[in-house]
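As structure tokens, here come the structures.
In the two complexes below, subunit A is the common chain; its partner is subunit B in one and subunit C in the other.
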Partner chain A sequence: MAPAKKAKVEERRGMLAAIMVTAVALPGIMMTPFMIASSLLTAWLGLASLMVARFMLPNVLAEPPRKFKIGSPNDFDLGTVATRFVASQGVWIVHTDQYQGKNMIYALLSVCTHLGCTPSWLEGEQKFKCPCHGSGFYITGVNFEGPAPRPLERVGLRIAEDGMLEVDKSLKFQEEMGQWTDSNSFVEIA
Partner chain B sequence: MSVGDYIRDSQIWKSIFRHPAPTDRRNRVVVMLTNFFLHLHPVSVKQQGIALSYTWCMGGITFFLFLVETVTGVLLMFYYRPTLEWAYNDILALRDVTTLGVMREIHRWGAHAMVISVWLHMYRVFLTGSYKPPREFNWVIGVLLLVLTLLLSFTGYLLPWDQLAIWAITVGSNMARATPFLGHEGPGAQLLNVGGFDLITNASDARFILLGSRFVGESTLNRFYIMHCVAIPLVVAGLIMIHFWRVRKDGGISQPL
Partner chain C sequence: MSHHADLTPSVIQGLGWIYLILAVMNGAWAANAGKQKADLRIVSAWAVFSALLGMLAFAQIAGGDQAQNFSIRMPEVVKAGIDRLANPIVYFAGSTVLFVVIIAARKWLVNNTVAWVILNLMVLFLALSMTDYDFRQIVGKPDNVPIVAMLFIVAFFTWLYFKRAVDNDDRRAKGLPLFEQVENEKVLTWPDLVYTELICMVVLTAILIAWGVALPAPLEEPASAVKTPNPSKAPWYFLGLQEMLVYYDPWMAGVVLPSVILVGLMALPYIDFNKLGNGYYTFNERKFAVITFLFGFLPLWIGLIILGTFLRGPNWNFFGIYEPWDVHKLEVLNNVNLSQYFWIDGLQRPMPVAPSGSDGLTQALYILLREAPGLILVFGYLFLLPPLMAMTVFRRFFIKMGFLRYMVFANLVLLMACLPLKMLLRWTINLKYLVAIPEWFFNI
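Presenting the complex of A and B:
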């Protein structure tokens, strides 16, 4: 049995070697030097294009982190809109009891749902007003005037392990899709 | 019909290449004449013209390196910001966190090689007497290209914004203080005054124009960046075109006339 098995292995090895030699030699026989040269040039250009495309994708981003702590819940009084994170992070921190009668804190994204401008919080009129086309939103974030088709979006908010509020901008909650009932979209104050 | 024939018979192919495959002498000539990039090259070259022992291919290598520097340089510009805050950091980031950031080393080594090859090209042209009439004008263009290559090297040296760069440019630009008439420490500068008022001071001389300030600072970085990436390469590209064109018009590449 043993010698026959050995012969079979050698036969397979021979075939494998023949295939490899053919794979290398065949282009050499079938192709003219011009074809080989242009194939190599095409392959090199293709590889170079892929490398350039990869080079254009940075491995490190100089963007502010998507998750950040904003302080204790006690820092945000009932009935106020904190505007101090708008310039750096693009969110308002709202503490109100006007949405479904619940005493809660949530983070609204300061991006108008019309065309993406940044609205202003008008303390006297108790509304978010977009300077671009006049869209208005209640303190709850729900739209009531102007061309904006839907309420402002909430981002993730939770109480972190150390008791601080933590915003997570990688999460997004839209009222019209029923996502504002999600427990990650607000922090209820007892 | 093979795939190759199908492609070559398509309207798209024929609209770009208006001639058959270059399989005979006539079509090889037509290829050279109807292709924008190939038409810069002469239709035929004397056998001696491609003899490496005669030309060393140093002009060709210099041009190749110029293309390498252009491609890698454009790519590096995507990651480099010429400001005091970011310049050095961006250079480190190219090494540490950017995939294929080795592009920067290629750019640097290519620059060294280009300075060497452009000198060797000049040396070869001198040895073979190729600066003699009617090629004397092209020698002058070549001298301008040499100076511009050195200036590219000089301006690029500042961009990493490390201690070596800052002090090398400080020392290098101090030479401009001694420019006759245009440097404030140069001979004749004191003659340029109107009614006792000096026209050439350390805030108005050649060095100040080069640096954009009295010492190497952010305005210097900005000036050198623009000269390195835009101004000098544009002038060099224009002079290269004239240089190559004159090679053909003045009797072809490296052969006795």
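Presenting the complex of A and C:
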């Protein structure tokens, strides 16, 4: 009886000692300057990455709205390219009957499909010509010279409820994908 | 025709100083020839030439006040002739011919007198051309001054290489020890090398500061995402790539080919099996390596930088060096894809188009069918041509290199050749793309 009881007491003491050692040593290890510093650094980096994530959601977007009105269809004469929206919005408004023989107005994005420079509309030559690598596009936006592999892209255009033309730059229509047949990509003039 | 004065007093006087420098240089050349006990007629010819240049310099510096009637200028006939010849085909063919001439006539070109005459001609041509307003606008632009300097520097170092190589090849032929073995006097890193480097560093810094003060870098208007300057030129060292972009899709000319250039240059030591030419100049012992490298460097890289700097104007049209940069210059072009040539012109039938409403797989198959001619051609170029070359022109290379090294080598050679080949196709048959799949942004 007695030796067994003694052994149990010793075992209990041993466990107690182990717990006490752990309780004292663990914070001791945790509290080494190295651990403190690295924990703080980790915590700070975690907060900093949250801060970076916050930058992805700005309070104010200084971009012009993606949808904007450009005036009545009568403001755009047949056979002309309006270049007055290029500087502010990056679109040409084209009124022509050269694409599939239909009398229509559409908005072309002023971004070359080769490497993204802004082509210029050359009235005399009746073409868009890119200053970077010499790509050329017909008034229809179809590429015909230089390295551009595909036609210029159209953006959305519709007649708003008040009869004004409204450009929607969130919509894009690519000819090679067969998207120019989409009724949102042009406005047909009767 | 030109609305600007070709000549102004300051231009005439500036050119006067250039002629004066050239006169002094030629005087020194004549004096040196005299000291070397050269033929008296040759010495006096150089002395007379130097004196003539001196008189020319005096006339220029003194005669600046009557700029409009000043007669020493590039003749209009020469200007018109050079401008009429100016187009990419003549330029590229000319630079290739020049390259071949340099290789073939190297023994004659490395002659000191020949090199001196060429240098004189280069400076005189540049100085005379400066009397043209449009030439001055391009060459005198502060951006382009280093490129003019580069012309002379590249010419000099190429000449120096050939001079040393021809000398060593002669020694080999006569059984004499090589130049590097005779002149192998070694110097110490410290102080000889480090001092030289220090002096170079100080001098170069001083030159750059003086240059930066004298010719300030031009600033353009603030950048705008919707406004591209016309012409829009890359930094000068990228103009070769920009020229490549005229013939290729951005992912080819902007990503694939530059990576191949870099990786290919890194791979050279592993591909090269020729152990000769190590530590000394030679041409005859490394003919293939030197010619291949110099072709890639001189006509395809330096040549295209010069083309992009001096000969490309508004709308990336090609302009002669004396031609005014007319924004409305019209070049009639109509580029056609190979698939269009094949289906419409060759087989007289419409291009294969998937029936509307078909699923993605059918559409993809139709696209592949449409572009099959180009795909087969490109496949054959990259996969069938190397074995063919291994059996014929590169037979010796294939045996020495083994399969893997040979394939890497053959593909690098073929990829280098694809730029001039595509240029040729563009100029001859107005080819736009061999494989044109804009649906997948895949164009070759």
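Points worth noting:
Keep this in mind: the second predicted complex is superposed on the first by the 138 of 190 C-alpha atoms of A that agree within 3 Å, B and C clash if a C-alpha of one lies under 4 Å from a C-alpha of the other, contacts with A are read in each partner's own complex, and residues count from 1 in each chain.
In this section, a contact is a pair of C-beta atoms (placed from the backbone, for glycine too) under 8 Å apart; a residue touches a chain by one contact, two chains touch by 3 or more.
The model shown is predicted, which means the values in this text are computed figures rather than measured ones.
When the two structures are aligned on the shared chain, A:R12 is found in touch with neither subunit B nor subunit C. When the shared chain is aligned, subunit C comes close enough to touch A:R150, but subunit B does not.
Within the superposed three-chain model, A:G136 lies in touch with subunit C and out of touch with subunit B [touch as defined at top].
By the touch criterion stated above, A:H114 is placed in contact with subunit C alone, subunit B being left untouched.
Of the two partner chains, subunit C is the only one that A:E176 touches; subunit B does not reach it. When the two complexes are superposed, the chain touching more residues of subunit A, out of subunit B and subunit C, is C.
Applying the stated contact rule after C-alpha superposition, one finds that A:N59 touches subunit B and leaves subunit C untouched. Legend: residue contacts after superposition of the two complexes on their common chain; A:R84 is shown touching neither subunit B nor subunit C.
Once the two complexes are laid over each other on the shared chain, residue contacts for A:G124 go to subunit C alone; subunit B is not touched.
Listed in rising order, the residues of subunit C touching subunit A in the complex are 224-232, 242, 245-250, 254, 314-317, 327-328, 330, 333-335, 356, 432-433, 436, 438-439, 441, 443. Residue ranges of subunit A in contact with subunit B, taken from their complex: 51-52, 54-60. The part of subunit B that touches subunit A in the complex is made up of residues 75, 78-79, 93, 97-100, 103. Subunit A meets subunit C in the complex at residues 86-90, 110, 113-115, 117-120, 122, 124-125, 129-134, 136, 144-147, 149-150, 176-178.
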